[in-house]
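Below: the structure, in structure tokens.
Letters A, B, C, D and E mark the chains in the order given here, with residues in each chain numbered from 1 onward.
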Amino acid sequence: MNWALTNYERLLDLVWQHTWISGSAIALGFALALPVGWAAYAMKSSPHGAVRQLSGVTVSLSSVLYTIPSLPLFVIMPTILGLGWLNPINVLIALVIYAFAIMVRGVVDALNAVPPSVLDSAAACGFSRGQRAISVTLPLAGPVMLAALRVVSVSTVSLLSIGALVGVSNLGSLFTNGFNRNFPTEILTGVVLTVALALVFDLLLVAAGRLLMPWNSVVSAGGSA
Amino acid sequence: MIEFRSVGKRFADGTRAVSDFSLTVPSHTTTVLVGSSGCGKTTLLRSVNRMVDLTEGKILIDDDDIAARDPVQLRRSIGYVMQHAGLLPHRRVIDNVATVLRLNGVPKAAARQRAAQVLETVGLDASVHRKYPSQLSGGQQQRVGVARALANDPNILLMDEPFGAVDPIVRAELQQEMRRLQQDLKKTIVFVTHDIEEAFALGDQVVILREGGKVAQVGAPAEILARPADEFVARFIGLEHGRRQLRVRDENGRRIVVDEHGRPAGVLE
Amino acid sequence: MSLLEETVAWFSEPAQWSGATGIPWRLAQHIGYTALAVAAAALVAVPLGLYIGHTGRWRNLAVLSTGALRALPTLGLLTLLALQLGIGLSAPIIALAVLCVPPLLAGIYSGLEAVDPATVDAARAQGMTEAHVILRVELPLAMPLIIGGLRSAVLQVIATATVAAFIGVGGLGRYIIDGLAVSDTARVLGGAVVVVILALVIDALFAAAQRLSAHFADPATPTKERHA
Amino acid sequence: DPDDAGQESDDAAQESAGTIGIGSADFPESQIIAEIYAHALEAEDFQVERNFQIGAREVYMPALENAEIDLMPEYTGNLLSYLDPETTATSAEDIEAEIPQALPEGLEVLDTAEAQNKDSLNVTEEFAAQNDLESIGDLAELEQLSLAANPEFAERAYGIPGMEEVYGITDVDFTPISDGGGPATLQALLDGTVDVADIYTTTPSIEENDLVTLEDPEDMIAAQHVVPVVRAEAMDEQARSILNEVSAALTTEALTQMNARNSGDEVEEPATIAQDWLEENDLG
Amino acid sequence: MIEFRSVGKRFADGTRAVSDFSLTVPSHTTTVLVGSSGCGKTTLLRSVNRMVDLTEGKILIDDDDIAARDPVQLRRSIGYVMQHAGLLPHRRVIDNVATVLRLNGVPKAAARQRAAQVLETVGLDASVHRKYPSQLSGGQQQRVGVARALANDPNILLMDEPFGAVDPIVRAELQQEMRRLQQDLKKTIVFVTHDIEEAFALGDQVVILREGGKVAQVGAPAEILARPADEFVARFIGLEHGRRQLRVRDENGRRIVVDEHGRPAGVLE
């Protein structure tokens, strides 16, 4: 505790590093996954068999991305991107890849979970295709997308700490450093801060969900039918 | 007036749902299509607002072929109610009803005002306005569905087993409400059900369908009951099971009407 | 690309295919660690998951704590444990086990919860004991979701077990950590490729198992892949 | 007007004029030395930017070349074997002589410090007594030998290959631990998991646990004196002389003590340790 | 004979479902509990096989207090059918039925043989034996549910809205089948429904319940129809809506029975 207090400046700096890298990775991953996932969803109902298959392939390929172990990806990234070795963008992009990989499936699942009867009734009310996509499909897919995004958020925050092994400074630096100097307090502080940061992200997402999707948090009348 | 002229539908997967179906639905009355599951009722109903596009024949609304109309515009001019009310779960009740008005370009405030009005017509007061559909009972949801279909004041109302998912007591209530509404509004209603009781309760004209959308009999309920066209109809309306073969019996001095199995149907006045 | 050629060359060295530093042995170690960690996690997750899923009790606690566990950084846990327990298998196995408790637990309790309560109720009303209900009704019906949880747990451990090489154990992570230490990028990449292939193969096996179990749980529906 | 000047001048130019980027590797001693450099420069009003815990040489050497950083504390032996993997030099003089040619364009080393932190093979006192061990060569007599060290030990000239070639030691059971002879390695030695541990000479634990450091009469293990590697362009005369003064004062004992403060009960932070040392030596 | 003696149930969350309910269910007859949603029907039914444990009063089966019996054993001796048949989706139809026999220790082969027999009793032939429940229609699933409940040849059969989820046509069929079965088997049946038509169709004795499991009237269907105990009962059985106030009308020479709204109920013999 004392140690954390006397070193709060360094800790703050690491928290900030961790926050901006993981925060941007989550946001970018989501921003990329949304159109790709939507395209996969749209292709699924195509009349052409080949296009339908492409949809499945998109989702499977994105899951394959997730199986790449993080450590080597962090190491290889600078070589692939040709940015400097120290550039945190390397780790950022690796994290975006993971976030994207989870999120694409999340987006597809979310879109599939929109009840077809609601879409059908919207069409019967006279919604045009575009109107339906924006004001029915998207909001109704929201809750499931949010659930996937929460998984992405937690895993990104926790994955980033492995970046410390390749010298990108973040809360994970406390692990390697504490380990090298045999100082569990430092590691523990890092663990607590990482978990706390993940929790804060999660709370923000939940709050955003409440705000954007008020219908999702109301208690339903019927309960069991 | 809606006219089906030799209408047929073959789905992309090859299923033939309907062939050579012809029918005239008079204006300002209720026509009920009744038939067992899969006989093509929904297909016929949805071809009126072009949610299904016909493969053969044509449908005329007041002598205009609907094939010439823009589907989206056509749908906005026809009310549609389905079994699971199909309300937008993310919009409040009042906005669910106002939505169809907004699609037709009605300004927000006016749309809400009109929405409140139709909600009242179907028996829902202001206390439900700001609720979400999931906060309502099944019966209330159906009422909202009807209100939404009525919001635009369309001439035609298509109803696909609108009361199929609510329990029998609420169902009876809703049927009664429908009759009351129709007395005032005099819409042209095409109503689909597989419950012959419901068909008799609501239809001015009842159309009994066989497999593949073939018409078995068309007529007023009492006509059909009095002269079933064939054995299929007789069985379908329950004459064969003995459910409709009634006798009068005396029970403690009151005249009770019972069916062939001795099951009481009511009291004779 | 010369890096690619170097990596191919690394794979084609005969030394890579035998002995204690060869791919087969490292692969076996990697699979062994994964199995150990998952087994250790199952020791906790299975009884707990069955209890929560069957009774519905402690559910909120479970949701909260699995969320928190997911946020726990493996590297932090690993280093912390290594300082307490020293080198050897115990620290990495415990750290990896902690990593896979959440998906495993969630798979089990949500699987049991997803079983139609009417089915369970009916089974009980026929005179099944609680053990009957769990073994003959809930478990078989929950199997697709349970295997789904197992699938993500195993994949996560396979990917993360590489980090364990940081504190001295074997497995495929050795190629990555050692390669890093002596700046042999081809070796790092080679190790990564083996891990990815392992992950893909295991994933495919689990996908098949999931399909099979889905078929078992609801034999009438045509088999199709379900995801947890 | 300073604001206007800032806006007009190009960012990179401004940086090279004003700010010195200092890197460190991802172990505490490197950070302490880097902090010493940083504080010494700051004391003379240089702007510095700290880029610590960068990790392996493969990362920070390219970073130096790319001008992402300008100054890096290094160790002579490892620096040379990174720059020239074929080298056979192990003595301090040979290494120092070879480094300048091996360095890439634009980089240079300043004065070498007396302070040295090299690999050393250590055994516990009992083990040394039981097996009558004094120098590395004595290990050849043992039947079974297990050893813990950084992963690279398996392949470097001062590691397993060197042990066989120089001292004829074969069949080493090797446990790689990536903590640079840190706590996990020490613990493995103390609890008997391994017989021999590679621990850096400035690590306080050697003395604290009365470990026996095996002698290396054949100079198998390369000398590792502390030396600042710099990007020539980024260093003016004043900066060079400040760093040279630091190197002149830096001793092995001082390093060991500073490490002890960092990882012992005190767990002092590198910045404070560096500051204190500079003050003691009248450099801060 | 089943006796409810001042039975009461308060759930753990404080909900009072039933208080002071007393009733005698005679052996070998069908007693129907009917009432609107939430009035405690299910609670009462499930307290008979101890799926619900009473908080007050007691239930005697042939003069033995069930509180003294092991719940699992008790359940094995009582048949139970519910709305969604609750079949095990991962077992074949024949094994679903055999399962309860196996629980009672019947050897596998004998269990299957008996299962095939009861399946036949409920009108299902060998072609369904090897199917899985989801491959059957709703009506068939309910039949399997009934077969399963009958497999052990229990004296008592508890049925909780067993036909609530099937469509009206199949429902009428199943009701008829039930009557036929009961004629042969003469079980003691407690049947729960909220459909008064169904209650009248199946019950030898009908129990009309209000909120909180209070008895509004007990009697044979015709008795209740002839002399409703109070206004609540009159409304509940449809006398007030006019649905049961029948008149005879002439339609093309046939005597049609219609209700107050002119909706046809049947043909007078």
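To be clear about the criterion, a contact is a pair of C-beta atoms (placed from the backbone, for glycine too) under 8 Å apart; a residue touches a chain by one contact, two chains touch by 3 or more.
Composition by chain, UniProt nomenclature: A, C = Osmoprotectant transport system permease protein; B, E = ABC-type quaternary amine transporter.
Every value quoted in this text rests on a predicted model; they were computed, and no experiment measured them.
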Chain hops separating subunit C from subunit B, counting only touching neighbours: 2
Distance between the centres, which are taken as Cα means, of subunit B and subunit A, whole angstrom: 46
Separation of mean Cα positions, subunit D and subunit A [Å, integer]: 39
Centre-of-Cα separation between subunit E and subunit A, whole angstrom: 52
Contacts with two or more other chains, residues of subunit E listed in rising order: none
Residue list for subunit D, restricted to those that touch at least two other chains: 56, 58, 179, 183-184
Two or more partner chains touched - positions in subunit A: 164-166, 176, 179, 182
Those chain pairs that satisfy the touch definition: A-B, A-C, A-D, B-E, C-D, C-E
Contact set on subunit D toward subunit C in their complex: 56-58, 82, 148, 150-152, 154-156, 175-179, 183-185, 187-188, 191, 193
Residues of subunit A defined as touching subunit C within the complex: 63-64, 66-73, 75-76, 79, 105, 109, 151, 154-155, 157-158, 161-162, 164-166, 171-172, 174-176, 178-179, 182, 184, 187-188, 190-191, 194-195, 198-199, 202
Subunit C residues touching subunit E - in the complex, by the definition given at the top: 116, 118-119, 121-129, 132, 136-137, 140-141, 216-221
Residue ranges of subunit B in contact with subunit E within the complex: 36-37, 167-169, 172, 176, 179, 194-197, 200-201, 221-223, 225-227, 238-239, 241, 243-249, 251-254, 256-259, 261, 263-269
In the complex with subunit B, residue positions of subunit A that touch it: 47, 117-118, 120-128, 131, 136, 139-140, 142, 213-216, 218-222, 225
